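First, the structure itself, so that you have it in front of you.
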Amino acid sequence: MHKTRIIKDKAAQTIMFALTVLAILLVVAIAIGLYLKSMPVLQDKSLWSLLFSSEWRPMKGNFGFFPFIMGTIWVTFMAILLAFPISVLTAIYLTEYSKPVVRKIVFPALDILAALPSVIYGVWGVLVIVPWISQHVAPHFVEFSTGYTVLAAGIVLGVMVIPLLISLFIEIFSGVPVELREASLALGATRWQTTKKVVLRKTIPGILASTVLAVSRAMGETIAVLMVCGCVIGIPKGMMDACYPIPALIANNYGEMLSMPLYESALMFAALILFAVVLIFNLISRIVLYRLGKTEK
Amino acid sequence: MSIEIQKLNVHIKDNHILKDVNIVLPEKQITCIIGPSGCGKSTLLKTINRLIDGVEGVKLEGNVFVDGQDIINSGTEITELRRKIGLVSQRPCPLPMSIFDNVAYGCRINKMFKKRRQLIYHVQKNLKSVGLLEEVKGRIRTPAARLSIGQQQRLCLARSLAVQPEYILADEATSALDPISAKTVEDLFVKLKEKYSIIMVTHTLHQALRIADNVVFMYLGDVIESGPAEQVFHHPQHELTQKYLAGAFS
Amino acid sequence: MKIARKKKLRESVAKLFMWCAMLVVFGLVISVIWTIFSKGCKAMSWDMVSKLPGGGFYIGKEGGFLNAIVGSLYIVGASTVLGLIVSIPVVFFLNIYLKKNSKLAYVARLAFDVLFGVPSIVYGAFGFTIMIYFGLRTSLLGGIIVITLLIIPIFIRTMDEATRNFPRDILDASFSLGATRWETLKVVLRQIAPGIATATLLSVGRAIGDAASVMFTAGYTDSIPTSLSQPAATLPLAVFFQLSSPIPEVVDRAYAAALVLTIIVLLLSISGRFITNRFSKNKV
């Protein structure tokens, strides 16, 4: 009877170990799967021409991803530009200034923002942001715009990464020891001075790492961006241009690609690029965040 | 039926925590381990029931014989060993379940009873033996975390007793309690030594003086002196023991 | 004096900016919710949630999107169960079987954090390649597999957070009664029950709202799938596909579907908070 208990324990250990390793291997599996699928296009074209050619003619077999890469960069940059200041300020207020009551109201609101699905933001973007840009913002810059622009996608994406950024920032700011703040306050510094000179300065690596994390999140966002970005192939020249980020490209063409092996392969290559960039960004920022977490504790 | 420790050395990472410990812990008596904090008392207890295995970077050398079996080298079944050796820790630690389930937990794991009636009877018997049965009447199914801290400690004792151990290890079992609860628990130990061998780490010399049959004095990982309480307390052989006792009694 | 006044001024300006930032955040929440509710409520009717798309549904004739609701529930239900089956052992292994500073645990946590950040469209593409490899077509099964992969990292991360500070004393107490690690699982589960519940709600929320991954794998259909190999509709895709229609009635259905999705997600989010605050009966 005793034996069976021990055997159970050992068996459980083996199974759990296997599950854990399998789960870790998922990262590798994704990489390999996508790589194998993008082999045909990689054999056919040079990596350079895939990444930096602007010619996108799937029917002719030309796959230049440059417009899409630029679209992704534009949209992501826009999103972070908008979300970063709002998130930092809100996070500072919540950690350094606010009373518990304020937090009780703000946290559920952030919960909601974080919980809403991508497609809902897409609907909101189509109904609110796109018309607003078309009618009120764009006329100041260009003669006519449908509103489906880099700016629209940037705003929608920005809103989507705000809750992520705020929660990461709050975690980082609250890791700064109270003694440090008190030391500064005791010298006659105001709250803001303390925040600026002590809290922010001490957490710069954390802030950067979190921002990189948010960048990688923004880059992969699909449906919401797809709905408001305009999906016009071309390198955007400004925030009033339509754009076509990589995730939107993949999602929009998943049906057609089946008929053409090389096209399918090219789209899988697009997914691979996305995966590789996100993977690298994530690895770097997570490792930085882990380190920081350790030294603080 | 006793515990014999021979040439026990314990390293944790680079620290030599226990140095060449040789002692005998006799049967059905209370052995108190005393000494300043950080001297390795708790490590010694944890080695006896092998809870020390969970500590990072630990290395054990030497022999610990429990019932004549070397539990360090002979591949003893650890779960069975731990069942045989009850532990009452410094802070009471009820499991996150009801009072009844706390006591029944070990019995269920060791499949001690086939019939539910037997289990209920056994749980009640053990709760009674620590004087808790009356106090928790009617709320035996409520979460154990709601008991007072003294009651929790007695519950933990009942939980240990329920798996029918032969030895009880107590790691400063009364130090987190208020004086009255501490006294109740202490009295319980005295009563329990009729049936069990009790090994107790204590930081209060007065407690050791009141209840110990044997005393082990440790200092910085060494056992300085051990023997019958009468002898160690009143005719200490070693200078360090004398100083420690003097400091405490002055 | 002058410096003091300057200090004070700066302090107020900084505070003002922060207030503005908070107002923006609040404004956004209200704007999104209000947009969805005002549009959705107008378009909502009982038929929408109780009927399948009829003939001519996509040119404005009658019917509802029950197919999408049921499809979403199937996929989310199945993948939540599968996700839990995989994640609980992993979390348990990381926290109880492995030692605190184990290399494997570090690598595993890093891997799950990275997986958590992988975009759902990549999961979709990956799921798609797997399905092709096994000769599957877009189907309920495909959707379930991909969503399961998508939520496993969420499950593991959230539960790991709840388990990481698990009191060592409780483990020791259980071990000292002669329990094996496997038998101690029961105790751990009780203690982290609220954590599991929150993780589940979070995962369900993510799973039900994700469109990019099921697009490739579950496909879309007007009927309720009766077997695992049939394609299945999902709520986010019902919103997405119908919104782009030129026919106003169809767009209205997109709004109604968006409302249903939003309400589900809001309920999940609120109960998540509630559980974290309340549900800790046996917790020590």
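Per-chain numbering from 1; labels A, B and C assigned in written order.
We take it that contacts are C-beta pairs under 8 Å (C-beta built on N, C-alpha and C of every residue); 3 or more make two chains touch, one makes a residue touch a chain.
Model, not experiment: these values are computed from the prediction.
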{"item": "Distance in touch steps, counted as few as possible, from chain A out to chain C", "value": "1"}
{"item": "Between A-B and B-C, the pair with more C-beta contacts", "value": "B-C"}
{"item": "Chain centre separation (chain A, chain C; CA means) in Å", "value": "16"}
{"item": "Distance between the centres, which are taken as Cα means, of chain C and chain B, whole angstrom", "value": "47"}
{"item": "Gap in Å, rounded to a whole number, between the CA centres of chain B and chain A", "value": "54"}
{"item": "Chain B: positions in contact with at least two other chains", "value": "79-80"}
{"item": "Residue numbers of chain A (touch at least two other chains)", "value": "5-6"}
{"item": "Junction residues of chain C - those touching two or more other chains", "value": "180, 183"}
{"item": "Interface residues, chain A side, partner chain B - complex", "value": "1-2, 5-6"}
{"item": "Residues of chain B defined as touching chain C within the complex", "value": "49, 51, 54, 56, 79-87, 89, 91, 93-98, 105-106, 109-110, 143, 145, 156, 159-160, 163"}
{"item": "In the complex with chain A, residue positions of chain B that touch it", "value": "77, 79-80, 111"}
{"item": "Complex contacts: residues of chain C adjacent to chain B", "value": "99-101, 167-180, 183, 187, 190-191, 281-284"}
{"item": "Complex interface listing, chain A residues touching chain C", "value": "5-6, 8-9, 12-13, 15-17, 19-20, 23-24, 26-27, 29-30, 33-34, 36-37, 85-90, 92-93, 97, 106-124, 126-128, 159, 162, 166, 190-193, 195, 213, 216-217, 219-223, 227, 247, 250-251, 254, 267-268, 271, 274-275, 278-279, 281-283, 286-287, 290"}
